[in-house]
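Next come two complexes, and both contain chain A; in the first it sits with chain B, in the second with chain C.
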Partner chain A sequence: MDITVARKFRANQEPGTGISNDKLGMWIFLASEVIFFAALISVVVALSLNPNEEVNLFREHREPYARKAIILATTNTFVLILSSVFVVSAIDAIQKGNQRMMKVWLWLTLIGGAAFLYNQGQEWAELSHILHEEFGFAEGFAGGTESLFAAAFYTATGFHGLHVAIGVALLLYVLVRAHRGDFTARRYNAIEMFGLYWHFVDLVWIILFTILYLI
Partner chain B sequence: MATTTISKGLAEQPVEHHDAHHGGSFRLYWVIAIILLLATVLEVGLASVLKGELECVAGIPCPPALAETFEQSNAWAIATISDGVVAGSMMTIAIVKAALVILYYMHLRYEKKLLWVIFAIPFGLVSLLAIAMFLNP
Partner chain C sequence: MAKTVRTFLSQFLGRIPTMRLGVGVVAALVLMSLTISITYAQGEVPTQEQNMAGAVLGIFLALVGLGMLTVVLIGFVLWATQTKIPFLPQGEPQGIARYFSFSTDHKVIGIQYFWTSFAFFILGGIMALLVRWELALPGLFFTTTQYNQFFTMHGTIMIFFFIIPMLTGAFGNYIMPLQIGTFDMAFPKLNTLSFWLLVPGGLLMLASYFVPGGTAQAGWTAYPPLSILASKQGPGQLLWGISLFIAGWSSIVGGMNFLVTIMNMRTKGMSYFRMPLFTWNIAVTAVLQVLGTASFAAGLVLQVMAMTFDFPFFDPVRGGSPLLWQHVFWFYSHPAVYIMILPAFGIISETIPVFSRKPLFGYRALVFATCGIGVLSFVVWAHHMFTSALLPQLRLPFMLTTMLIAIPSGVKIFNWLGTMAFGKLTLNTSMLFSLALVSMFVIGGISGVMMGSIPVDIHLHDTYFVVAHIHYVLFGGSAFAIFAGIYYWFPKMFGKMLDERMGIWHFWLSFIGFNLAFLPMHAVGALGMPRRYADYAPEFTELNFVITVGAFLLGFAQLILVANMAYAFAKGKQAVDNPWGARTLEWMTSSPPPHHNFEEPLTVEHDPYDYEWNPPYKPLPETAPAVGD
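And then the complex of A and B:
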């Protein structure tokens, strides 16, 4: 491979921007994700505020669910906040050359991500159960075709959950590299880029949790 | 033939730290984590009292001694405080939490202004969308 070509596309290069290519790329990607989630969250807000009689069932369906599931959702918020601080702790550890603590923090982040996905599954089951018990909808995702709240809820949290699942997959890749000894105090790009993605996922949940459960 | 060093891959190069290496300290990160957790408790607690859709706190029913006080403050809040104020205060807390994550965990505070612009543009567009949503339900 031509070395000049390879050098042009190095991740850590800063061609005129003063920011490394990988970081710039990740931030631009996250900016596009802001728009994506803004669209989903806007749907929830618009339905929630709509004074139309039929659409008001949105709030009617949400109330019993929010009442039952708020503790699960709050736990999920705690889990993601803690997993975010675990990631920055891992970066802090590798900056100080502490390989062992870096791996410990990354493993804790993985546990957090897995716990979030499990809880989210519980929340989905809870919503399906409540729609069935209190409003007579069929069990399972049938509520999503008959209840505006369920449709908005499953879509928004489903896409967010997908992002978390992708984050967990990325983290597994980072962990494999960490155990291989790829990271040093001067070289930990992958963890930093993963961290940016993970914090963004946490950020979206903070907003989504407020909009879905508290407003 | 001269030997050349072939790059091993895009992510294998040494990281240059001059931009955001200083970042925050380990202690600062954990202080922010505690602030975020407390803000969450505050949010959920406020929502419980102001909206009356949740049991005492976060779905946990009130102990009998507190039940009456909670019901009274709940009734007062529902009667006095408008939905807009409730929504506004919840969103304010959420935005403060989000700002802490972006500025400190994502290191935006220590990054070059270009990144601020890149991240600010979609938020500007989203704000326009949010205003349109609230003005035209």
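And then the complex of A and C:
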């Protein structure tokens, strides 16, 4: 696209929403993601509420796991919230023109995301282990075929984990650009976009955590 | 050839990071699905030859996926290290080669969508004719499995790969930015991605025909346990799910792009209430696409999990529920029928005022009716489930919301009639198809209201009456509007006029074939013939034979459209800028428009259908074929 042509057309536009295209697009995309997770989460809730007590072992299977893994999961929640705070700090730093601190905060965010993924893996192993010990189900992913809770847990946290992993990949992209010196106190769009996504992922986890571990 | 390959490579490797992202996603999904098909091929499947075929195809496509991933990784490294490859060509390809490239021009993408979905229309049509061939006479011609596959693929292809991409992808992409006077979409690269996600999605859908056990056979609705059982016969059902997941991404990305473009990029003076109705309908459709499709994606995730890992989501014995899928699916698929009909309403809201030479009657009422349909479409989904052991107390509210939708739909019908009243009508092909939509959609709409009432639905559910209804709204509605749109915008898109004589033949044969095929379905349905069965009781023979004759007539009529387009490219009359004397902005530029749509940015000072308002426009061209005056 020829920049001068684009500029000429942009100068002759209706005011629009006043929000930049990127940000508006990101919000709309996140609205779509909200529905995706809303559907997954309502499926999990609906399954846990099956009134037929003979087949509804959702809570029975969850109970021993939630009791044991709650500490790790809480820590993990804290790690993810913290990494969300780091992104905000990174934006704050670049707004003040502080390149060095921005990079530090972004690296810390990356560590937070990676740590979350590692811990999530631990939790999966833990769940499969406990189901095996308590109920004699097959080890590993196959436990999901016998336990509805495990199936719902793997699917919901798996897709959330996938979003975290995608976030980490996006962060790598942002980091390459940060080290290249692409961002200035006025131009830091990519960090902001990534931040929006990262907060969303964080928010979804808080709801998932509540549903899978607490209530 | 070598040049095309090099252009492709250069675009993969160097120029469009978004494409790499998309290719990476698709590669991962292709890899996943085909690894699974290899696993199937080694397991228990019908015959040895099929095992071999499946394994070979699986390995081949897995290698393709691996190759794509490698290209993505190389591309990332090249980008991160800022390396340039000298021998690869730079810049946009020109001429025909544009349509085989990752062009970011919304007009090129619109045309890519146009031909892709048109090809799928032909394919889906052939499937429909095969279904009708089987049902022409009682007894079995194909095997029942083949029959199930035909109607499953017919429904899936027509809905997800013809109507939705044709209306939103082709017309939405090409016409909407022109109508709001902008130079391109808000995210041109995401637009490219949106199209190039549809292609692997469609190819995967077709590839499912060649895996052991054949393609999906659980209907386009894929209710469990049918779909889960089908997936035990081979990976076709699974490929169906993954293919739609990819196509769903294409839809979400496209919808998001439309919304941002419409909200942020209108030219000066184009306030919301000066936008042409087609753009309004695309905007509401985009909301439905963005919000609804995500729910479908979640449902597909559950299906894929249940198929591959045998997760018990839909198995009542292990605590799951088959109804889960129906809720999640219809939460998308009811809005999806409005994704398929709203842009169609938009198209005829353009053609009717133009060919009546009158301003659109009740512009604001039409806009609010469109928004009303958009909102209501999210709260009616359970009317598809009146007989599915839905909580009885829930039926009544869903019946009421369903009937409420008739109000905004009726507003639209009456506004179109009001537009035509005392107008100077031009009955050319585009207008005839628009009129066909108005009349046929009334029939489809009324049969919809009938089935929305619980006692009637309990009798008619899963009979041919439902098939008649869906075809009256989707063929009589969406497809007729697509034809109206093709005859109306073909001069703008390709710079050639379609032949009116052939067009009239196309219209009348389609219209007669359509009614011959689908009107008797109401009768056989009300008499109790169930849908989706390969055979039927002998008392339905006569009507079914008539239906089949009508279907083949309808199929034949579409060949005229193909011939007409071929003729237009070979010998068609050159189109002038504004052959219909329309007032919307897409006609204020050359046919086809230049690279940036308009030579200079426009400022709008009038309403879109203001036929009394004259000055800065050129008078109606002399060559305008059969337009009024």
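One rule holds for everything that comes next: the second predicted complex is superposed on the first by the 198 of 215 C-alpha atoms of A that agree within 3 Å, B and C clash if a C-alpha of one lies under 4 Å from a C-alpha of the other, contacts with A are read in each partner's own complex, and residues count from 1 in each chain.
One rule holds in what follows: a residue touches a chain if its C-beta (ideal position, glycine included) is under 8 Å from a C-beta of that chain, and two chains touch if they have at least 3 such contacts.
Quick caveat, the model's predicted, so the values are computed rather than measured.
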Check the residue A:35 against both partner chains and state whether it touches chain B (first), chain C (second), both, or neither. both
Where does A:146 make contact in the superposed view: on chain B (first), on chain C (second), on both, or on neither? second
With the two structures laid over each other on chain A, which partner does A:114 touch: chain B (first), chain C (second), both, or neither? neither
Applying the touch criterion given at the start, work out whether A:16 contacts chain B, chain C, both or neither, answering first, second, both or neither. second
On the A-aligned overlay, A:210 touches which partner chain: chain B = first, chain C = second, or both, or neither? first
Chain B versus chain C as contact partner of A:188, first or second or both or neither: first
Now for A:159: first (chain B), second (chain C), both, or neither, which partner does it touch? second
Going by the contact rule set out at the top, does A:71 touch chain B (first), chain C (second), both, or neither? first
Determine, for the superposed model, which of the two partners chain B and chain C contacts more residues of chain A. B
Does the superposition put A:202 against chain B (first), chain C (second), both, or neither? first
Overlap of the chain B and chain C interfaces on chain A comprises residues 1, 6, 9, 11-12, 14, 17, 19, 24, 28, 31-32, 34-35, 38, 46, 50
In the complex, chain A residues that touch chain C: 1-2, 5-6, 8-9, 11-14, 16-17, 19, 21, 24-25, 28-29, 31-40, 43, 46-47, 50, 52, 55-58, 141-142, 144-146, 148, 151-152, 154-155, 159, 176
Touching residues of chain B toward chain A in the complex: what are they? 4-7, 10-17, 19, 21, 24-26, 29-30, 32-33, 36-37, 40, 43-44, 47, 51, 53-55, 58-60, 86-87, 90-91, 93-94, 97-98, 101-102, 105-106, 111-112, 114-115, 118-119, 121-123, 125-126, 129-130, 133-134, 137
Spell out the residues on chain A that touch chain B in their complex, using ranges where they run on. 1, 3, 6-7, 9-12, 14, 17-20, 22-24, 27-28, 30-32, 34-35, 38, 42, 45-46, 49-51, 63, 66-71, 74, 77-78, 81-82, 84-85, 87-89, 92, 95, 182, 186-190, 192, 195-196, 199-200, 202-203, 206-207, 209-210, 213-215
Within the complex, chain A is touched by chain C residues 80, 104, 182-184, 186-188, 190, 252, 255-257, 259-260, 263-271, 290-295, 297-299, 301-302, 305, 309-313, 316-321, 324, 328, 331, 596, 598, 600-603
